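Have a look at these structures, which come just after this line.
Each of the next two complexes has subunit A plus one other chain: subunit B in the first, subunit C in the second.
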Partner chain A sequence: MAMNTATTANPATSLEGEKPSGKKWRYNPHKVAHTLEKLGLGYFSPIARLIGRDEPAKQVRAIAQNTFLPLLAFAVLLLGWQVCANTVATDSQKIPSPAETWSAWQDMLAFSAAERAKEAAYYQSQGERVARFEAMALQAHEAGNTQRAQAIEKRMASESTKVYQGTTTFFDQIGISILTVLVGFILATLVAIPLGILCGLSPAVNTALNPLIQLLKPVSPLAWFPIVFVFTTWGIDQAPASSIWQRALFTSAGVVTLCSLWPTLANTAVGVAAIDKDHLNVAKALKLGWFKRLWKIVLPSSLPLIFTGLRVSIGVGWMVLVAADMMSQNQGLGKFVWDMYQNGDTASTAQIIIAVFFIGGIGFLLDRIMLVCQRLVTFEEQTV
Partner chain B sequence: MAYFECIHLGKTYKTPTGNAVIVQDFNLTIEKGEFVCIIGHSGCGKSTVLSMVAGLNDISDGTVVLGEREINGAGPDRGVVFQAPCLLPWMTAFDNVMLGVDQVYYHATREERRQIANYYLAMVGLAGSMHKRPAELSGGMRQRVGLARAFALSPRMLLLDEPFGMLDKLTKFELQQVLLDLWNRERLTAMMVTHDVDEAIYLADRIIMMTNGPAAGIGDILSIKFERPRDRSEIMNTELYYEYRDHLIHFLEERASVRPALAG
Partner chain C sequence: MKVSSSLTLGLSLLAAIALPSCSKTESSVSTSTPADPISASTPDAPPNAVSDELTFLDLEKDTLKFGFIKLTDCAPIVIAKEKGYFDDEGLSVAVEAQANWKELLNRVINGDLDGAHMLAGQPIGATVGFGSQADIVTAYSLDYNGNGITVSNEIWEKMKPAVPKGADGRPIHPIKADALKPIVDEAKASGNKLKMGMVFPVSTHNYEIRYWLAASGINPGFYFDPTTKQVDVPGFLNGDVELSVTPPPQMPAVLEAGTICAYCVGEPWNQQAVFKKIGVPVTTNYDIWKNNPEKVFGVSKEWADKHPNTWIAITKALIRAGKWLDASLENRKEAAKILSQPNYVGAPYEVIANSMTGTFEFEAGDKRPMPDFNVFFRHNASYPFYSDCIWFLTQMVRWGQIAEQKDDAWFHETAKKIYRPDVYEKAAKMLIAEGLAAESDFPFGSDGYRAPTSDFIDGKAYDGREPNAYIKSFEIGLK
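== the complex of A and B ==
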């Protein structure tokens, strides 16, 4: 019997044992499902298992449940929304219904497409103008009129550097928002991680900074804004209108930095301070230098907590951004919402609802990206 | 002067209710290339002695001399094998060994250092899995990495703190063999703490029996006269083996709690 079980060994287990070098790659539903779960795409893991025919009935049930229950919740939301649309109204506007919101979304898409077409048309005609100048310049050269040729080349150069000055579309504003939050988040990271390491390594630094941290952590972005505004006005030159690096962007990013650095700072400090004593003993026994100890032992062991902090930070940063954009008039989603609010009609409110979905969706996406990073740096703890 | 010497070594913790003396007046000399086991009941302070020698625990009284120099703090001239292997979980087995090799052979080229790490990992039987992380290794394999890490330092002295205490009996036998094979090649001066009588007889040239704490010290010393290299089943078939065994067990059961005049 024992021989029998050995020869008909489960193919899944024999795959795990050795590297599939030379062997044909085989679909391993467990591995794929595990990877998907690790990447925060747990929704798809039953599908991966189903493809591998691993307990199909169970997977179908899981897929149905994972799909049906959220859809049910969403339907309830739509219903409530429709009820509000029918009842909540002021003199000038009302809450737009889901249908009205959908048509506002179609309008936004159409507007954006039209704007893109206009831009493309502009650049096409610019190209044609430049080509004409080029031909003229060549002609003048051949005629031996160098002076005229130079004048034409000059005009050609100034023509080719012109950029299209169109209206900022919703999607441009999304891009600006993401850029702003990244600038603020990177700044926050550059401040928070070194400071957190210092706090974690030195109880004295921690004692010195802790009251300040506790004091500044709960401050609202709206309170930070005027202060950051003074700094950016003083320190950053007004960029030309064509540049995306507007002063307002830095003001918004600064507010994001000030609000989002605390979770990373606190987590880094805890992670560094809570390092396993066994690991420190290794460093001690090998007499590792300060830098090597930091780089090889302290940082890797606190990375999981640092990334937990970063994930919270980017969430806070994104939340703060909309408010900061409203105040700084940075061309992001916050400004979009503010402008639509100023319009004050139902169609604009519908566009605000669209913006709300996008703000939520992008926030969710950023969180997922950070979750993946967090899982990638989290080592499986030794189980001795 | 002996190669290694503990002179009036002691450990005292200050507590609000007075001093707690863990180890007192511990005197021991070890010759170069000698393998010494320290045996005693758990909590008697044998690990404290070892960690003081390793420099991981401050010395309260006395001194430790290694190779005509008094030790001062920890350092890679002593290769420590911990009870939990204490591997860094974010590094592969190879990188765990390299961490120490880089530290000791800083003057060697990178290729030479890689060869050293490779050699010792192969010696402990991990040639095929040296690029795995600790989480992918079994408990026994992890401790093999621990052994490779300590030997790869080419230390003046090897310090082993119940290195096989967490392993099952079969794995323990395998690893004792790995340790003895390595030791037979390099003949490092070794000090090992254990509470396993058979392990001590199989590995040691001399067995130091420690009395129970508080204020633990050396109760008795037993020389193990078996020829090296040793064969486990062969020595277990001798009457001498059981004499040693009885001696040790008798000490642990009857005499460990009595502090004899012998110490000091």
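== the complex of A and C ==
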């Protein structure tokens, strides 16, 4: 699709190139639409074309279709959800209705706001405590009790640097989840790309590793967790309780790594193995060194496939993260879901539904970001 | 929820009568001495008031993280945090819900958590090597009682005719498992043993439901058979029923799904069953053993050795929280409100308040005053008695979790390794010096053994000083 639009956009770019100075900017619907599509914002491209008066009737139809069909599907989902809420109920639990879910969302916002207020109150009381200690230390000095004064001063110093340790709110948990998946994904990439290149370059390495890769690829995150847990307990020191870099985060990230490295690994290997023989021959003729050959020939030509792998990897990583968080007690969205499940109230089921929407939305966003990266390298590869 | 307003009204009335009356009967550990600053403090008093006499302990670590399981008896930890008692000690504490008891214990062992709300049996089980092996110690007992046994509606219908009733037609308490025995026998004869839930192999609940069943001649199953030397990890060996592990918050759902037909669990998960009409609590652990130890605040021995002063500071804050919880009915209500927050227990306020404010609802509508259903501080509930530890050890031997024969000395030595009243007493003395507690709040001078008692459902006498004699007194159980 990217290629098609690239060719249709060509006359436009050449036209623009003929502009005498480039100072006078002219709206080019093709170019804008193409850019939007490349950025994964295909929904807006008919709008861009419509603004440029490019086949208006066709664009209006496309916009209507793109808007109303998904809305219709969403309405059907809401309806089905409402029906479930009315029917699926046992004595101890039920599916919350969309309205109940909405009010649960408002509760979550209120809870988060209350938590922020508590944080502010804490810092205020901290100030008061420090002031009180100061007075007490002075008193102790005056009374000639230097030892006590020193103890108070020590407490005062530690008190003033103390950080508020409140409840991790839903929004904090979203942040921690994204951070965790990024750590896991970066680790996975650092392992998968070099290994994939080795597999792609050397049939011997490929033969050696292939059975292992096939064996480990389908393993569930729940099975990896206890193994990763032993490793992180052994290899990572627990950070202070107030730090974001808790050991549990690395346990979760480790599980993400182990589950998400395979698509990148496989795609890199295929991409590297499929390099045009002519390119390699040229490299040989130019007597390029191993690293130069890797950097100038191998990597650029396998980039599109590597990025396809990365995109699948981050999707897998995000998907397993919730399970990993549940197990490792990392303060992410998985822990949120588990805690709410344990609360066992209809309102907590509603909060889980909110979390489901957020998990889906963020997964979608991550996928879009990777799609854009993927298209950028694909495009470059064609222009180079 | 519709009945909640009338319920809470009735409940507060009942409890208002019940709570003071119990402190009268226990005058030796009265909670309301005039010098008691906690009960004297008004709600307007600043939560973070720093006493002039405050002892400034040289803290080895001041930023801590504690774990808990969503049960009402995590209250002292939550209250110490919410009321600023940890802050007063110079501690910044994060309190984090854990997925299950195993996970919580593992995270205390590996240092992810500095300390945690633990089943009293957990430090003991870990130290003697049943389950995860690690040295865990405790200086603070979080509460007494607080559990119940709930059976499914179906079982209750079958049991009810055989339960002795009083003049008012209501069942006479305590309800023994006698009425359950024919049902158990019938199920066993048909080849489908009744399945029941408890929360953890070394949990109080496991020992309580086993005790209750065995007191009526039902064999709950063993973990070890000394004649064949066979070890049975699930603990089903030779049992008339099958008792298996289910995490507390999942109990009602699992009962409703029919996977199990009875369970023993802490609050609010028994009251939840009544509220949602999926089961009937038949007895509480208060009736099985009056004032039995339930949860403790556990830390790893390694942690305790590295942070002795921090440990004392934590214990000070917990003592204050325990005192606050038992000081008045208003405090209990406030605590129930705090615990109902989604980040703590998260169950509805009405459900939590039902048991925390001095009542307990059995069959729907059969609500009885139970002032001592939750005891956090009265009756010296927070003091880590060796004899409490030894009771758990006797039950571990009884059901085959500890396979070898042990002499009495071993029980005493083991208890002294795990329970640390010395740390508790240090904390208590500092609080007295700071004017935050009274001498009469604590059992100073105790040798660590509670007076022998026969306040058990089967009337057996327990003396912590003679564990082997106690073990031998059971008809069902290894000796």
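Simple rule for what comes next: the second predicted complex is superposed on the first by the 316 of 384 C-alpha atoms of A that agree within 3 Å, B and C clash if a C-alpha of one lies under 4 Å from a C-alpha of the other, contacts with A are read in each partner's own complex, and residues count from 1 in each chain.
Throughout what follows, a contact is a pair of C-beta atoms (placed from the backbone, for glycine too) under 8 Å apart; a residue touches a chain by one contact, two chains touch by 3 or more.
If you're wondering where the values come from, they're calculated on a predicted model, not measured in any experiment.
Contacts of A:33 after superposition: neither subunit B nor subunit C is touched.
In the superposed model, A:125 makes contact with subunit C only, not with subunit B. Once chain A of one complex is fitted onto chain A of the other, the partner contacts of A:152 are limited to subunit C, with no touch recorded for subunit B. In the superposition on chain A, A:297 makes contact with subunit B only, while subunit C stays out of contact range. Applying the stated contact rule after C-alpha superposition, one finds that A:281 touches subunit B and leaves subunit C untouched. Set side by side, subunit B and subunit C differ in how many residues of subunit A they touch, and the one touching more is C.
Of all residues in subunit A, only 90-93, 111, 122, 125-126, 128-129, 132-133, 136, 148, 151-152, 154-155, 158-159, 162-167, 229, 233, 238, 240-242, 246-248, 326-327, 329, 331, 338-345, 348, 351 touch subunit C in the complex they form. Partner subunit A is touched in their complex by these residues of subunit C: 47-48, 50, 52, 54, 56, 58-59, 62-65, 70, 84, 87, 90, 92-94, 96-99, 103, 106-107, 110-112, 114, 247, 249-250, 252-253, 256, 272-273, 276-278, 341-343, 345-348. Contact residues on subunit A toward subunit B in their complex (touch as defined above): 278-279, 281-282, 284-288, 296-297, 300-301, 303, 379-384. The touching residues of subunit B, when paired with subunit A in their complex, are 54-56, 73-76, 78, 80, 82, 84-91, 99-100, 103, 133-135, 139, 142, 153, 166.
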